[in-house]
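In what follows, a single structure is set out as structure tokens and then discussed.
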């Protein structure tokens, strides 16, 4: 029954990469906790870089500054 | 003061259906817990089928396979 | 596949009331959206009244003041 | 290491306002808890007014009625 | 900058297993998306079985019935 | 109507500090976005250090190592 939520910046991640994230996160629940993959949910949220802040500024700003 | 978050796949749910979800979830808090509807929040998140995984694969893939 | 998260203040809600919340929220997904109950998750979070704020003060404070 | 998630209705908040939210929320963690801003995350979610309910109806409906 | 939230039922998962979850989820972000592990957060939530519902009943009930 | 969720490690934050977090986060919504404080919710989640990972290890481990 695990539920995994992955939040990443919205950077055009391909559907194939998303499948890999879903597979990998599900397998982790099987390998570490012996969970049933059939009832494991993975939800990926893609967040605009304007909407994600670190160190007091948005990722948009940080990337402009090369940090 | 309850807060209900409903996550569903993004499948073109109409505004009318969303009103029904909001009404129903709010009423549930009133009926079961005696909460004040005026301070009950409901937030609906619609998730792309590429971004929702079950059983190690995305809903997009599952639907292609008819599962 | 819906996922419903219900956040309420921690006020000693009984297991029976929690069953009612789980049943009601699941049934809402069936009735409004035609979802499969077997793959509907409900997660209830109980939040300490010190940790929930409204109007700039905690629920603990509000209750002391009878508001 | 704090993580702040801010959910607001989607009303065309400007990137500048978002920077202010990120700065302010991060500074709050520094001022109140002495946290390191470099490892403080802020994520802003903008929610469609159809998808946010209060008092049993959506914000879209409430605004139509001037409430 | 990814953020991974893992929700599992509260079943006495050991600190060692939690380390494995944290390592595995972080490594997944590195392997699939080339993310920097230093700024990858993992948060594990353990949910009481009374508070997690599937198929319209709590995990507590389901386990009693052997389902 | 904003909703602010603050996640911090569980380190015995006092009720007074929590009031300051609630006040400050609410005021930020008023100052930056002109929101109504009466309908602003703040929820604080305190996360065990075993359950919060950064850089592939738990905060518990990082603190042992003085990192």
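We just call them A, B, C, D, E and F in the order they show up, numbering each chain from 1.
Note that a contact is a pair of C-beta atoms (placed from the backbone, for glycine too) under 8 Å apart; a residue touches a chain by one contact, two chains touch by 3 or more.
Bear in mind that the values here come from a model prediction, so they are computed numbers and not experimental data.
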| item | value |
| --- | --- |
| If a chain touches subunit B and subunit F alike, it appears here | C, D |
| Chain pair with more C-beta contacts, C-E versus A-C | C-E |
| E-F, B-F or A-E - pair sharing over half of the C-F contact pairs | E-F |
| Chain whose average C-alpha position is farthest from subunit F's own | B |
| Degree value of the rotation bringing subunit E onto subunit F, based on Cα positions, nearest 5 | 120 |
| Centroid-based (C-alpha) most distant chain relative to subunit E | D |
| Same vs different contact residues, subunit A with subunit E, by half of numbers used | same |
| Inter-chain centre distance, subunit A versus subunit D - centres from mean C-alpha coordinates, in Å | 20 |
| Centre distance in Å when subunit D and subunit E are each reduced to the mean of their C-alpha atoms | 26 |
| Rounded Å distance between subunit D and subunit F, as computed from the means of their C-alpha atoms | 14 |
| Subunit D residues counted as touching two or more neighbouring chains | 1, 3, 7, 21, 25, 39, 41, 43, 52, 54 |
| Pairwise touch network: line, ring, star, complete, or other | other |
| Inter-chain touch pairs (all) | A-B, A-C, A-D, A-E, B-C, B-D, B-F, C-E, C-F, D-E, D-F, E-F |
| Touching residues (chain side subunit F, partner subunit C) in the complex | 15, 18-19, 21-23, 25-27, 37-46 |
| List of subunit D residues in touch with subunit E within their complex | 1, 3, 39, 41, 43 |
| In the complex with subunit A, residue positions of subunit E that touch it | 1-9, 13, 17, 20-21, 24-25, 28-29, 31-33, 35, 39, 52, 54, 59 |
| Subunit A-facing residues of subunit B, complex | 7, 47, 50-58, 60-61 |
